[in-house]
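Note that the chains take the letters A, B, C and D in the order they are written out, and that residue 1 is the start of every chain.
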Amino acid sequence: MKKLWGLFLVLAVAISLSSEAMASSYILIGVQAPITGKYANEGQGIAQAVKLIVSQQNAEGGILGKKIKVIVCDDEGTAVQAAICARDLVNKGVIAVIGSYTSTSTEAAEATYYRANVLQTSDGTSDRLTKHGYWTFFRNSFPNSAEAAFTAQYLVNKKHYKRIVVLSDHSSYSNGLSNAVAKAIKKAGGTVIYRGRITSGAQNFTPVLTKIKSMNPDVIYFGGYYTDGGLIRAQQVELRIKADFVGGDSVDNPDFLKLAGKSAAGTYLINVPTPSILPYPLAKNFLKAYKARYHMMPPSIWTLLNTDGLRAILFAIKETGTTNTVKLAKYLHNLKDFPGITGPVTFLKSGERTGSVYMTYEVQENGSKKIVYKEK
Amino acid sequence: MHFLEVKNLTMRFGGLIAIDDLSFQIEEGQIFGIIGPNGAGKTTVFNCITGIYTPGTGEIIWQGKNITGKSSHLITKSGIVRTFQTIRLFSHMSVAENIMSGRHNKSRQSWLSGIIHTPFYKKDEKENWLKAAEQIDFFDLTDYTTIEVGSLPYGIQRKVEMARALATEPKLLILDEPAAGLNDKETEELSGMIFKIRDRGITVLLIEHDMDLVMNTTEELCVINFGKKIAEGTPESIQNNPKVIEAYLG
Amino acid sequence: MNTFFQQLVNGLTIGGIYALIALGYTMVYGVMKLINFAHGDLVALAAYIGLTIFMKVGTSSSGLSILLIVLIGTIMIIVFAGMMLELIAYRPLRNAGAPRLSAVVSALGASMVLENGMMLLWGPNLKIFPSNILPSSTWSIGGVIISSAQFFIIVSSLVFMLLLHLFINKTKLGTAIRAAAIDQEAAQLMGINVNRVIVTIFVLGSGLAAIGGIFVGIYYREVYFNMGWLYGLNAFVAAIVGGIGNIPGAMLGGILLGVFNAFISGYVSSSWSEAFTFILLIGILIFRPTGILGERVAEKV
Amino acid sequence: MKKRTVTYALLILSVLFPLFSNSSWITIGTTFVIYSIVSLSQDIVLGRAGMFDMGHAIYFGMGAYTTAILNSTYGVPVLLTIPFAVVIPVIFAVLLAAPIVHLKGDYLLVATLGFNIVFEQALKNNLFGITGGPNGIFGVGVPSIFGIEFSSQASIYYFSLFFLFLTLMIMNNLEASKTGRALHFINEDSLASETIGINTRFYKIFAFAISAALSGLAGVAFAVQYSTVSPEAFNFIQSVLFFTIVIVGGQSSIPGVLIGTFLMFVVPEIFREFATARYFVFGIAMILTMILRPKGIWPVKFGRIPKYIRH
């Protein structure tokens, strides 16, 4: 028995040390995105956009004399699957990864890419993403703290709400955003009278709303998803809670209007601009090409933000003439005002992108949205 | 001091009194019988002695120690073991494994042997399997050693259950209607077996319906009806007791 | 005090729905000693079917008559689905005398099939019920708000429960169900066709699940493929709290659980409300495994 | 003899597997190995002792979280977290099982399922501020000895395989011991076991404890393999899967449980294109298996009796 264990150990160590080496005639770019599951349309949008940009680049003869190849891995929007994807993409030899869509899956994969010297760019908004000190990570969107600061500014200084309720679900995005909002409100001198959490998908929110009613709030801020936001708004009106309703970026979805029905009118939604109102010519061209190839519009602004992440990386490869990720990261950390689809791209040392553009919409009686407040 | 003493035992289920102030004593080496019409509370007495039920009032004194309300497995460990009226074997397992189950308390390997096998484990394991094999021989079950018990005829299953009980090396063996479901030949074999068991120094307590078996094997009899003792004595004296005749006929 | 009564109304609404669903669990468990894990998925299926029917007929006629058409159509389809479930996933096992565990796994398999079948059929994204099935009026009674949908759900849950109660206690088939629940074999010996009893309880249970599903649809308005577990688990807990196998117990359990949930979320913590539900469940299992209305049955040795 | 040859061949194959597989396949192999350990440990409680435990993901999760918290938050080397990742699930198994092991069948199932839901909610609510809330914990390291980091997929495969071999050895030892037999007896007839002198309560809790220890080991491997732990990886749906694997594969049957794990975790990887339909198909397969083979795909054969008492 002991001999067998010994043999096992010797073999195990020997085989694992004879590690694999791979060489490819392609430059490999990974996409880690939720192709199936709850966020499937967002994930598919990211994969399609990346393939579009890469085929445009390959049509121009590739980059550094090599063609680019895209490898897509479906992380289903879950942390565990994301970690599997990360390992898999690293093993296949990608130099950079676009994704993922959710902060959770992005963060779950970050350490693996960092250890393997693989660049990663994601639209995840959780502040923690850039707090690990990984030189491999670049955020192509803006952090929750930016949205939170804007939200607090709007709630406290513009609307002068005195009694603010902040609600979220338990997901890392929602919880993180709402914590940041609550913090920013306090910083701006406002009062959060209640900070509550609901279970996403529970459908019945009347108990917590009844509790909120007894506190007489001026406004209910919900930093979660539209699926719950719509029901919370509908049940709020049904319970005759007179407070205003303000939703975070993930409440801004056509289905929110359907779920809230008539109650949707008069709600405020805070988000970055939708793709169709981006003022840049680059954006118009990209949307045209995307529509021509896939016969649909990108599902959301997040697709375009990720596209900008990819474009910045390709630009860095061209400028530096290398695929050495350490050198590429160094270049990207000093990138300033690179012309992007979603506006100028500038990265800080931490991998953070600067220059956010948030705005507040008000939902009208007819279901349309009107911009009522904009970041200066 | 008596070998086993049941003192003023009372057991109720809701409003129903199953045993009512019952007392009797068993001496070492006896073959003691309890009889009574259906529903007289016989099995309930056994369930109280073996710790399956905790009696309402009364005491059960076993070799001078009060064992009332103790857990079944502790009572078994102290030397009382039983069989069931409706045979309760481990029906998907082989005859040998069933009998081996009786060795549980005598086997001295600890729960750690479930994880690591030590030299002591090996010695202990072998000793106990051989002891189980002795019971297989004693009950003449060698043809069935590896056969799944549930697939065997009723008569054989009865024997396996007794073998399993004896494998625990009890001082007192309690048999709950051991002849139920057996044919005449098997019943005859059974009564021979009961004597053989007694000759090994084991006291036997049995409940039985089969009057022939009871009258032929037991030395002392206790008759109960509606949970009460109505008579006690040698089989001969019981047979002529008018109260008993009334209980059975009326 | 208003808050208290408001929470009571909130709890009664969801509790009524739980009770309707719990009845299906408890009847199946009573007769078959089987946790029908697929029961919750029938609720979700009912919501999808109801929505589909509504979309087909929605524009042609007025409020209440549409609701009636949707309700009857859905009940018929779900009852059929329930009977198929019994016929395909449970009856072959019963006939073969398979161990209890096999039936549990078969039930889990049926749940997976239903859930993922709905996902393949209607897609992974949520579907939304139109908001105008019931008039969206609300009444305020001494400061406690009750909406027409809530009123409708509470009242009709009670009506359907009363109907079931009458059926079980006053009809011959109902008596057969009660007999089979006490002792299936004895019932069989007394000439009761147990298969027929089982089909009947699946018809009744699925019908009530269909009603529950429609209520979820018109009140909460969003439907997604795996919401069956949400309602199924809560209803199942309700059945145990009331005493599994006990029909009045399931009604009481459903309503109590709804109210319990509302008070926990309202007064203690909405983040922990699910945990409280299951701590209650475990407490009941440890200290009174037969539930509030169940009776203790001694094991025969 | 033949059975033994096949067993050794499979063991050798599992050791040499990384030599002829690419890293994606080694990843799948590692997943299989880790989930096999959990399923086998679930089998001790469910298959052997016959207790309907539908909350087994708790112990798996506790092992994984223990390693993740100690390594990622407090910087303890992975190898040193192993004893904690074994002992903590064992302590909880004893505490949670003690009040409920007397419950019968479905009641136990529901109670354990309830525990699992409470466990998941505790993780999500960031209990004691150490579980990382809904995110879970990221950035778990890899095992290292004398400063050498074993970070390749093959070495993590061997790390997990070592635990699997340990599990198989323990299950083998358990089977041929007083303890293991006691579990079978309790499964067959708890009351009869009690009356022949088995302390059923002790052995029921023991079954939970030992299987929690093995699940804890699997949890360590999980944390290392995915470098991440999060609540949804240990929710009750996972427990339902482990439960199903044991029953579909065959209770108390090591090959059966391994086949069940293979069907649930490896086959879907092969048919990734049909990912959306995979649970649909698996559900149908579950019903069919139960109808056609109610005792599972590879049912156990009892009768492990030493040769010296066969005549």
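Throughout what follows, a residue touches a chain if its C-beta (ideal position, glycine included) is under 8 Å from a C-beta of that chain, and two chains touch if they have at least 3 such contacts.
The structure displayed is predicted, hence computed values, not measured ones.
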Q: Could you let me know which interface, A-D or B-D, is made of more C-beta pairs in contact?
A: B-D
Q. Comparing centres built from CA atoms, which chain ends up most distant from chain B?
A. A
Q. If you average the Cα atoms of each chain, whose average lands nearest the overall Cα average?
A. D
**Q.** Rounded Å distance, chain A centre to chain C centre (Cα mean)
**A.** 38
Q) In whole angstrom, what separates the CA-based centres of chain B and chain C? A) 48
Q. How far is the middle of chain A from the middle of chain D, if each middle is the mean of its Cα atoms, in Å?
A. 35
Q: For chain D, write out the residues touching at least two other chains, lowest number first.
A: 124-125, 191, 276
Q) Residue numbers in chain B touching 2 or more other chains? A) 52, 84
(Q) Show the residues in chain A shared as contacts by 2 or more other chains, in ascending order. (A) 36, 170
Q: Spell out the part of chain C that touches chain A in their complex, as residue ranges.
A: 2-3, 6-7, 10-11, 13-14, 124-126, 128, 131-132, 136, 138, 140, 145, 147, 216, 220-222, 224, 227, 230, 261-267, 270-271, 273-274
(Q) Residue numbers of chain A touching chain D in their complex, please. (A) 5, 8-9, 11-13, 15-17, 19-20, 36, 74, 78-80, 82-84, 87-88, 91-92, 104, 107-108, 110-112, 115, 128, 132, 170-172, 175
**Q.** Complex interface listing, chain D residues touching chain B
**A.** 170, 173-174, 176-182, 184-185, 188-189, 191-200, 203, 206, 210, 302-306, 308-311
Q. Hey, which residues of chain D end up touching chain A in the complex?
A. 15-16, 18-19, 22-24, 27, 31, 124-125, 133-136, 138-139, 150-155, 157-158, 161-162, 165, 225-228, 230, 232-233, 272, 275-276
Q | chain C-facing residues of chain A, complex | A | 36-38, 40-41, 170, 196-199, 201-204, 206-208, 210-211, 213-214, 227, 230-231, 234, 238-240, 255, 258-259, 261-262
